[in-house]
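What follows is chain A paired twice: with chain B in the first complex and chain C in the second.
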Partner chain A sequence: MKFTVNKELILEALQKVQAIVNPRTTLPILSNVLFQSDGKKLTLSATDLEVSVRTSIDAKVDKAGGTTLPARRLLSIVRELPSAEIEVDTDEKDIASIKCGPSFFKLVGISEDEFPPPPKFEGGKSYKMEQGVFKEMLQKTGYAASTDETRYILNGVLLSFQGEKLIVVATDGRRLALVEQEVEFPKKSEGDLVVPSKTVNELIRTLGDEGELTIQATENQVAFEFDDILIISKLIEGTFPNFRQVIPAQCEERVTIEREILFTALKRAALLTNDQSNSVKLLFTSNKLQIVTETPDVGESKETIPVKFSGKDVSVAFNPEFMMDPLKCLQSDEIHIEMTDELSPGVIKADVPFLYVLMPMRMS
Partner chain B sequence: MSSVNRIQILSDRVANKIAAGEVVERPASVIKELIENSLDAGATHIEVEVIAGGRKYLCVRDNGHGMSRDDALLSLERHATSKIKDVDDIECVGTMGFRGEAVPAIASVSRLTLTTRLAGDVEGTEINVSGGKIQDAGEAGCPPGTSVTVRNLFFNVPARRKFLRSEQTEVSHIRQVFLVYALANPGVGLRLLVDEREVYNLPAGVQFEDRLRDVYSADLLKTLRTVDYVSGELSLRGFVGVPSLTRGDRSDQYIFVNGRPASAPAVWGGLKEAYRGLLAKDRHPVLFLFIDMDPSLVDVNVHPTKKEVRFRHPGTVRDALVEGVRKSLSGSSSSSVGMPGPSGTTVGAEPFRRPVVQIENLPAAAVFQYPRIPFEARDEKPGERSDDHAKAGIPAEERPWSWSRVVGQVGGLYVLLETEEGLVVMDPHAAHARVLYERLLKELADSSVESQGLLTPEAVELPPKDALRVRKGLGALQSMGFGISEFGGDTFIVDALPACLGDVAAAPLLIDLAQSVEEGGARAGVQKWAGERIARSVSRSAVASRDRLTLEEIEKLVVNLGKAEMPYTCPHGHPTLFFMSYSELNRKFGKT
Partner chain C sequence: MDRVFLHVDMDAFFASVEQRNNPELRGRPVVVGAAGDERGVVSAASYEARKFGIHSAMPSREAKRRCPHAVFVPVNGPLYSAVSKQILSIMERFTPLVEPLSIDEAFLDVTGSRRLYGDGPEIAKKIKSAIKEETGLTASVGVAPNKFLAKLASDMDKPDGLTVVPESPAAIREFLAPLPVRRIWGVGKVTGQILDRAGIHLVSDLQEISRERLGSIIGKHSAAHLTRLALGEDVREIELEYDEKSMSREYTFSEDCSDRARVEEILCDLVDDVAGRLRRAERYASVAHLKLRWKGFQTITRQKSFGSPCCDTFRFRVVALEMLRAQDLSKPVRLVGFGVSRLGDLPSSQLDLFGGPGLDDRKEKLSRTIDDIRSKYGENSIGLPPPSQV
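Entry: the complex of A and B
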């Protein structure tokens, strides 16, 4: 095949697909990007057999065909190339000649026949929503997913399309993040999907802020189609735990805090934690919140934040990282913390439909 | 049809030969049985003589109480013994043997001569047995005590004879047996003659330490730590090797239970735990341990040759071993024999080793005298930097060296140190890892246990065996930060996990920990999970093997390693240093 393409276009496309390329794979073909062209558009695909990403860009195609080239190396080359137009010409042995202004590269590729065929995708449920909205929902929840591979069902994010709503939930058993959004979809498309974290991260990276997103799902696969990109991923099979039962029905005390102030105070307090002692104590007293860290052999810190609070004194310890995670990705100026005592879960809420349940730490 | 009686009672001769199959495996096992008998007879001096690896001739002579003629004849009968009278006696047997099998068994596969005299008798008895048949029994003149001569072992069992190994191999087995009993009985004088050549002549009435020195070398003794530990009814004495002194197998591990060379799974388990994190994989420490306890708490009647014993309370034995061995390895033992130890040197005193040869144009390092204040390194040319360490205030016994001087670095990595006892080569990477490891362990032990609550309590159903372990270790697990309680049957409810474990599932963790809690006791369980986690993070932050180190850094490391609890290995069990004493150096150069 032979094509000429704009540097910025191919760079952007390569950056989109290369994130899922595993550099340490046992199958060399999986380190490569597939280039295909039918004469008008140039399609780039990458896969790790779990997730596959495909994107199309405009190119001047002189000879249709296909080849695969090493993703990381090609990306580094393209990034460093001097001028705007890049000409790529491949021979029958899949060796690509890359010409760009005064530069010339020969890059050894692998035949396109070895590239795993794209997963077949037929029928299933279908949903449509705004890209930006969906991206934000993933951002607000994705970090709470578990990374412990033995609990595979928690290694992803639950998309629950029920009623007229989409609820997105992620949990690792210690904390749980939930957002909900009204979405229109046909009644027959109701159902739960658990999308692997890797796919979620790829979506957060590639989803734009505007434009439509189409989600299609079958029994064990899901496809996200937006702009010129198609992401197909396996779904995590199994039943996601019943998240509703961990949301406390009611809490005794509620306090409203400025998000930014709480976040920066926690960030400072966390400076004095270490591997052995990773907790901050929150002391709620009359119109005052104190954030205290005491780590043996490291030191102590105390932050005092004025708050409107008139309930009973509550002292509760949390992992500061767990507390900061949701504060990082919320936009609202104020957040609400609800709690009961040092053993009951704490809840962080915002004025948007967001909910975060966090179990306290116990000291002995 | 005539009835055929297929089953018949075997004659004693056949029975003895069968017993011989179990008891008499090779010449060394004959020696073992005979030495045991001599010891049981109260001998204070035993002489062992073998010719041609014991096949042709072996003889064990003692000065014990001897036997009367009737006893001597009876002793050749199967299950005839003076050592027990009733079944109950087995429970509290204090003698080595008691089965009454050995002598007749040996007699059935050899030509045996038994010569014995009671101290008070005028004349002794000599009995000749061949293949189990008494040939003649007469009077003989002999010193008091018993002497058993075995000729042509296995002459009537060609199959066994074929399985004997070369003469050297058999001799080495015999030496091994001899050594075991020599070590177990320092009070008894022992002499070994191989092919009319004296191999050992060990004086009677010495302490174990002296016996060890006689048998091995004084150098070995220096690398051993004294164990002296009493826990309730159980006492643990002896020596254990520092972790840098290891063997590829267990051949240099001598364990005596009530003076009997024996072992049990609980002992191996305890030792493994005691040396956890100190040894490289598949390395075994050198040790000499005497475990003494009430005889009724040990069952020795498990194995025909009594190689293995069974403890009534294996857990107690294991815990005592872990505790006792750890204590002496950590160097807090008051009677430390010591690795490049502070033997004789007082704190702060610097041995002045006068240079034997003065090399004219070598820079000052070669004739360097050790000042008490830190030496100014900048006066030295690079590569010959030297310094010493004023280490006042640290008790000498807790350090591998009380005084040392950095001689330099070799191979871009290893640090050479001169200490009062010899040359030390230290791997700074491993040393740093050890220092960090101990600091983190200490921090961990000092910090309060934090546990992270779970959103939904997890019900964990365990297999019955694991459930039992978890139930037993419930308290330990709770103190480790598990929020765990019983939920009936073999199910447990976990509502919190130790915070430092991060993102993990409760069930597999619980099973894993339950096993290590059982293997090593509660303390080991906690230490293991904490230790392993720490070891991992330590290797990340330890000095990379190729990093350049400044002299100040190395000195600090040397001081810190000196203060470490287990200075000789890194957390992964690799050695941090090796030591070559001046006597070893002298020997290598042919000077004595």
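Entry: the complex of A and C
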């Protein structure tokens, strides 16, 4: 095949697809990006067999066809190329000649026949949403998913389409993040999908702020289609734990705190933690919150910030990272923390449909 | 201040213990390990057997072929550990700075003991004769200003040897010069081949080559390391508390095993053993490892991390079996192994939303109770459910 393409266009496309290429794969073909063209558009695809991404861009195609080229290396080359137009010409041995201004590269590829065929995807449930809305829902929850490989079902984000709502939930068993949003979809499309974290991260990276998104799901696969991108991913099979059961129905105390002030104070307090002792103590008294870190062999920190609080004194310890995570992705000026005692879950809420449940750490 | 290190290395340890306990074996080629008609390897060979080219790690069948009249004795682990402890206690009479390297060798720092027991060679003689008198076994000892040289020296005059490395840098250089490079700590098969190809065969070649040229052959980092050792420099101290970074156990089947249930059973035994050791050491692990070797030596390893560090047998079993069951076991298995790593002292005090730690706590407690029962009534007094129920 032979094509000429704008550098910025192909760079952007490569960046979108290369993130899912696993650098430590045992199958060389999976390190490559598939290029295909029918004569008009140029399509780039990558896959790690769990999730596949396809995007197409405009190109001047002189000879239709297909080939695959090493993703990381090609990306590095394109990034460093000088001029705006890049010409790629491949021979029958899948060796690509890349010309750009005064630069010339020969890059060894692999035949397109060896690239895994795209997953077969047939119909199923369908949903339509605004891209930006969905992206924000994932951003507000995705970080809470588990990386513990022994709790496989938690290594993803739950999309629960029920009633006229989409509820997105992620949890690692220690904290849980939840957002909900009204979405219209036919009654027969009600159902739960657990999308792997890798796919969620790819979506956060590639979804735009505007434009329509179509989600289609079968029993074990999900497809996201937006702009010129198609992401098809396996779903995590199994039953997501009953998240409603761990959301406290009622907490005894409620505090209102300025988000930015709490975040920066926690960030400072976290500087004193280490692997053995990664908790900060929060002492709530009348209109006052004291944040204390005491780490053996490291040191101590103490900081007092103003809050709106008139209940009984509560002291509770949390992992500061877990507390900062939701504060990072909220925009609200104020947040609310609800809690009961040092062994019961704390709840962080904002004036948007967001909920974060966090288990304390046992104080020694 | 000048330092004095000893390296004490027991001579053909396992075989010598067997010969000591059984007079009939004395003077005869003795091979400790798998029997000559079984699959398995030689763990140790007596000096009489070594004359026939038998050495440890050699397949027993090969040993039998080389010396058909050799006596094959099974490995008696508990006996050797008991003797090893006895020898360790002899060494500890001379200095508290004893670092056991394995069951039959140790480093000693006797720098501070010279006023009490005489200089390095004198202490070495005393340790050798105490070992001979109290255990009936012989040891070879190296005396040197550092660990590297002491270990080299102990190997120079085996058995029942005593080698003293000179103290001045020039004399040390001369002492090392004629040795093959493979004798240097860290130079194994691969590095050895690379050096050979570059025409570097003896330590003297290393002493003469420039650091830059050596760096271009084996890399800057290794070059610095080798140059120091070639000049006899080594700054390692005696390590008293050996901080374990991982724990593991392996099992080699005497016949390649195609019975999936049997592999699972063995794996569970290994898990049980590793988990017990972990708890006895008061540690918690964050990662579990599975090792499988198929017939024909192809080996794979798989690992999985736990969200929170744990030490309970039940969680390990679930994870180990999960990793095993993800493998295609149609090929016969030669070896199976289980290990844990990323060890820490403290369990996470993070509470779990779904009642996790309560559950984990209970399983840990149960595991510890099983340990207690076993230590009171014996290893086989209580077992765990078969793997088919996990």
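Keep this in mind: the second predicted complex is superposed on the first by the 363 of 364 C-alpha atoms of A that agree within 3 Å, B and C clash if a C-alpha of one lies under 4 Å from a C-alpha of the other, contacts with A are read in each partner's own complex, and residues count from 1 in each chain.
Heads up, the rule we're going with is that contacts are C-beta pairs under 8 Å (C-beta built on N, C-alpha and C of every residue); 3 or more make two chains touch, one makes a residue touch a chain.
Given the structure is predicted, the values throughout are model-derived calculations rather than measurements.
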Superposed partners chain B and chain C on chain A - clash or fit: clash
Contacts of A:295 with chain B and chain C, given as first, second, both or neither: first
First (chain B), second (chain C), both or neither touched by A:150: both
Partner chain in contact with A:109 - chain B first, chain C second, else both or neither: neither
When both partners are placed on the shared chain, which of chain B and chain C touches more of chain A: B
Partner chain(s) touched by A:359 [first = chain B, second = chain C, both, neither]: both
Which of chain B and chain C A:326 touches, first, second, both or neither: neither
Stretch of chain C penetrating chain B in the combined three-chain arrangement, among 56-64, 182-190, 200-208 or 218-226: 218-226
Intersection of chain A interface sets (partners chain B, chain C): 146-148, 150-151, 171-176, 241, 246, 275-276, 279, 319, 343, 345, 357, 359-364
List of chain B residues in touch with chain A within their complex: 440, 443-444, 446-456, 458, 479, 481, 483, 496, 499-500, 503-505, 508, 537
Sites on chain A touched by chain C in the complex: 146-151, 171-176, 241, 246, 275-276, 279, 319, 343, 345, 357, 359-364
Sites on chain C touched by chain A in the complex: 304-308, 315, 318-319, 322, 344-346, 348-354, 356
Sites on chain A touched by chain B in the complex: 146-148, 150-151, 171-176, 241, 245-246, 274-279, 295-297, 317, 319, 343, 345, 357, 359-364
